[in-house]
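Look for subunit A in each of the two complexes below; its partner is subunit B in the first and subunit C in the second.
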Partner chain A sequence: MNRQEEPVELINENGLRIDGRRLDEFRPIKMKVGVLDKADGSAYVEQGKNRILIAVYGPREAHPKHIALPHRAVLRCRYHMAPFSTPERKSPAPSRREQELSKVIREALEPAVLSEYYPRTTIDLFIEVLQSDGGTRCAGITGASLALADAGIPMRGLVAATAVGKIAGQIALDLSDAEDKQGEADMPVAIMPKSNVVTLIQMDGGLTHEEFERGFDIAVKTCHTIHEQQKAVLKERYLAIKEEVEGKSESTKGEEE
Partner chain B sequence: MSSTPHLPPVATIAQKTVVDMLAVGKRVDDRGLNDFREMKLEIGPIERACGSALINLGKTKVMVGVKVEEGEPFPDTPDEGVLTVNAELVPLASPSFEPGPPNENAIELARVVDRGIRESKAIDVKQLCVQPKRKVFVVFVDVYVLDHDGNLIDASSIASLAALLSAKMNEYEVENGEVIYRPELRTLPIQNHPVAVTLAKIGRSLVVDPSLDEEQVMSARLTVVSDKDGRICAMQKGGAEALSVEEVKQGVAIALSRAPEIRSRIMEAVKT
Partner chain C sequence: MVAPGEILAEGRYLSGENTHREGERVYSSRVGVVEIVGDRLGVIPLKGPYIPHVGDVVVGRVVDIAMSGWIVDIDAPYPALLPASETFGHRGPRGRVDLSRIFNIGDLVVSEVLAFDRTRDPLITAKGPGLGKIASARIIQLSPTKVPRLIGRKGSMISLLKKGTGANIIVGQNGIVLVSGKSPDSENAAIRAIRMVEREAHTRGLTDRIQAMLRTRIRGE
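Then we have the complex of A and B:
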């Protein structure tokens, strides 16, 4: 199969993008935590056609033992794309891109995790991209910090991520796969909104200094918006647990009476 | 899977010296915060390569070899030559390097160098097409780290550009899809000159071109690759800690201001 993609107009005469978004609009993100039974923490993220599942195991005993550190937990991260996640089948063996992304995603989350609380352990983070549509590392990071929180791992704050890019000569927020492929630049940014510090920034393409500054500010601002949503998702989860627990205790009370 | 690295033990006093001196605006080797170490570029030390360069950046030594071979294009770019960058952290270069397939650090190094060359369109890949869909030239850029004293990204990026600029391949003709080489030599179609500038965050300072002593105490690093027109073509943050929004902007501005001088040094070395 070799589908040659037709070049399409990235921005139409009304200033709207292929999927009808404005330049400064990101694709709605659907997030859910506690989606896996066995994992200590988990999250599922949908954005555009992106479907990403994240699991956290740990803090748990380090295996093999020599990988442990005496003063902190070792954070391990695997970003992986399913063979069916892309238009053409992707080999399940980790590509160089996936290995690089595993590293930068780990480094994007390291500053958030209070790893010094769990010496000699590992905290393992698995990000599985089930379907990809541009911006998977950002959605993965956003979801991973939720999964870490869901695992009850103490953190300095959540990490939120989004990308800005350049399409048809204009700065645009959160590029989709098609926009990334035909666009002129892509710049993923992750921040810890609570302290407003940058934990990941990458870029490829071509941006002037002025375009970089403008795009970077938009990305940082958007991360704060995503952060509000992350907090709401977590709160909802804990409220559900609370209701479940209270519901149970009430019913047992009823039995006692 | 990427793991929190086990850092080699470094004497506390050595770490403290770097940090304490920077707190009063000084670097252990007396450089200014935005200064590169002394740079020496040797062009063409490897005769068997199409192009090669050996860079000494302070005590860091990186050799880059360029080879050009015939190969197949990627299906989505049927009329474009192919660029392949690989980096080897050769075990003789550092006690922390081990034999084996490239680890995440080697992969990251290669991919950042690759992005700079690719995204700045340094190579006019259309000119490397022999027969669309069937045959193109593949440019292999092999980064070989020989002595690791910090800032491998910049050293590799500088040496890669120098090796590409000085690379020569045989003149050729195409007959029935076959390449017939002639004895005369030609240069590669290089049309842009990307330069990486890396900054390390140590304490509250940002320093350009960190040495290994500095890398061992840095909390994060930021690499900015810019092209000959001053456009940013690649960026990469590394390290386990964060940078403030201001530090990122400041780092980009510093990197953009330092790149032209490095670029002219490369061009000068390649000319002679």
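Then we have the complex of A and C:
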């Protein structure tokens, strides 16, 4: 039953990748907040073939009580892939990989959340991957920080993430699933663009010193681009209402700065 | 409008509500609208949890009966405690008093926050004018961050709604609003107006639009 990946050229003679991207091009991201009514905050992210739904509940009473901390809120995170998110059915039980990702995503977001505002509570974060095509942890982090902001949880800043890797001997931005599997290296990076603090960095495979430096710089630059989009997405909904009821001229004036 | 982490100012500004300071810079901590009062920068949030403050009137639901009081869900991250001594109808030692005869599980109680400091759960009272059990009303819920807008400056918005619709409106600071009117029509009008305030809370000239909407409704009937 094990389907063998067909050997493909990761980079063609024109220097383009399987999906037609250039090496330093990331898959366009579509983000939306407030997609779930019952959740306190939510977001939906599409990047390439990735489809991710994120829900935030809280701050709320900690259950079980003993996990509560007296000086800050506890952030809990569950990264989960739907059974239908991969070509081969994925068992719905949390795998070792999902547990690890839950932990690293939580740790990528914790520095951004001002959790000391709500002691003795929990903030629960659910990241549900509906369809995956490589780079879901990064898209998950990007979306999760939006969902947290949407929930009105005080934050030092948003977190944006992307990955760089090495395919066919070259540094490439934002690897897809096929590129990740057949490439030589994959390195997810999450930063808080406001202060340029790195909150997550992992590497699978090997990069030379120079490759690492170059790749890291590209990733940081991309995170800044994503960050601009994140900010716009958070305001979009409110500005639309403002424009609708106040008339265009005034709201564009208000948007300045 | 700002998102979390956006810089608001640099230099000699005070960091107010929903902002934080890093060195010389003041940043926003939440999604909201910037407010400048003197040299203090604040952000009025558009969505978020209810955090109790002493003196707030809140609408809660009794979820449990304890030894000498009730546990009330006030839609905050912390459950509220309503001691039996903070209600009417429980006077002196008459032996065991059945607390469920005063407030039972599921009852709605209008109450006021007596004490709260985040290290302990909020304490509330049902003793006072306008406080106590609610027999019947339409319940609507909105984001607690929009309550100040619904009340308006010195209660201007809420009195406009009451006058304009003829309905009685009790606003809990926790975002739970009780509407009761003489006719379903007046209740519906009030609810529609409240929903409009909720949706357009971050815009200017809202009071005028609400006034206009209520006036056309009255003329329409």
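One rule holds in what follows: the second predicted complex is superposed on the first by the 237 of 257 C-alpha atoms of A that agree within 3 Å, B and C clash if a C-alpha of one lies under 4 Å from a C-alpha of the other, contacts with A are read in each partner's own complex, and residues count from 1 in each chain.
Please note the rule applied: contacts are C-beta pairs under 8 Å (C-beta built on N, C-alpha and C of every residue); 3 or more make two chains touch, one makes a residue touch a chain.
All values reported here derive from a predicted model rather than from experimental measurement.
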>> Once chain A of both complexes is superposed, is A:205 in touch with subunit B (first), subunit C (second), both, or neither?
In response: first
>> According to the stated criteria, A:192 is in contact with first (subunit B), second (subunit C), both, or neither; which is it?
In response: both
> Is A:35 touching the first partner subunit B, the second partner subunit C, both, or neither of them?
Replying inline: neither
> Is A:23 touching the first partner subunit B, the second partner subunit C, both, or neither of them?
Replying inline: neither
> Which residues of subunit A are in contact with subunit B in one complex and with subunit C in the other?
Replying inline: 192, 195
>> For a test of understanding, state which residues of subunit B touch subunit A in their complex under the given definition.
In response: 1-4, 6, 75-76, 102, 104, 107-108, 110-111, 115, 118-120, 222, 227, 230-245, 247-249, 252-253, 256
>> Using the touch definition from the top, list the residues of subunit C that touch subunit A in their complex.
In response: 1, 3-7, 18, 20, 22, 27, 29-31, 45-49, 51, 77-79, 118-119, 143, 145, 199-200, 202-205, 209
>> With touch defined as at the start, can you tell me which subunit A residues reach subunit B in the complex?
In response: 2, 4, 67, 69, 72-78, 96-97, 99-100, 102-107, 110-111, 115, 122, 124, 187, 191-192, 195-209, 212-213, 216, 220
>> Per the contact definition, I'd like the list of subunit A residues that touch subunit C in the complex.
In response: 40-41, 58-61, 70, 112, 114, 118-121, 149-158, 192-195, 230-231, 234-235, 238-239, 241-242, 245-246, 250, 254-255
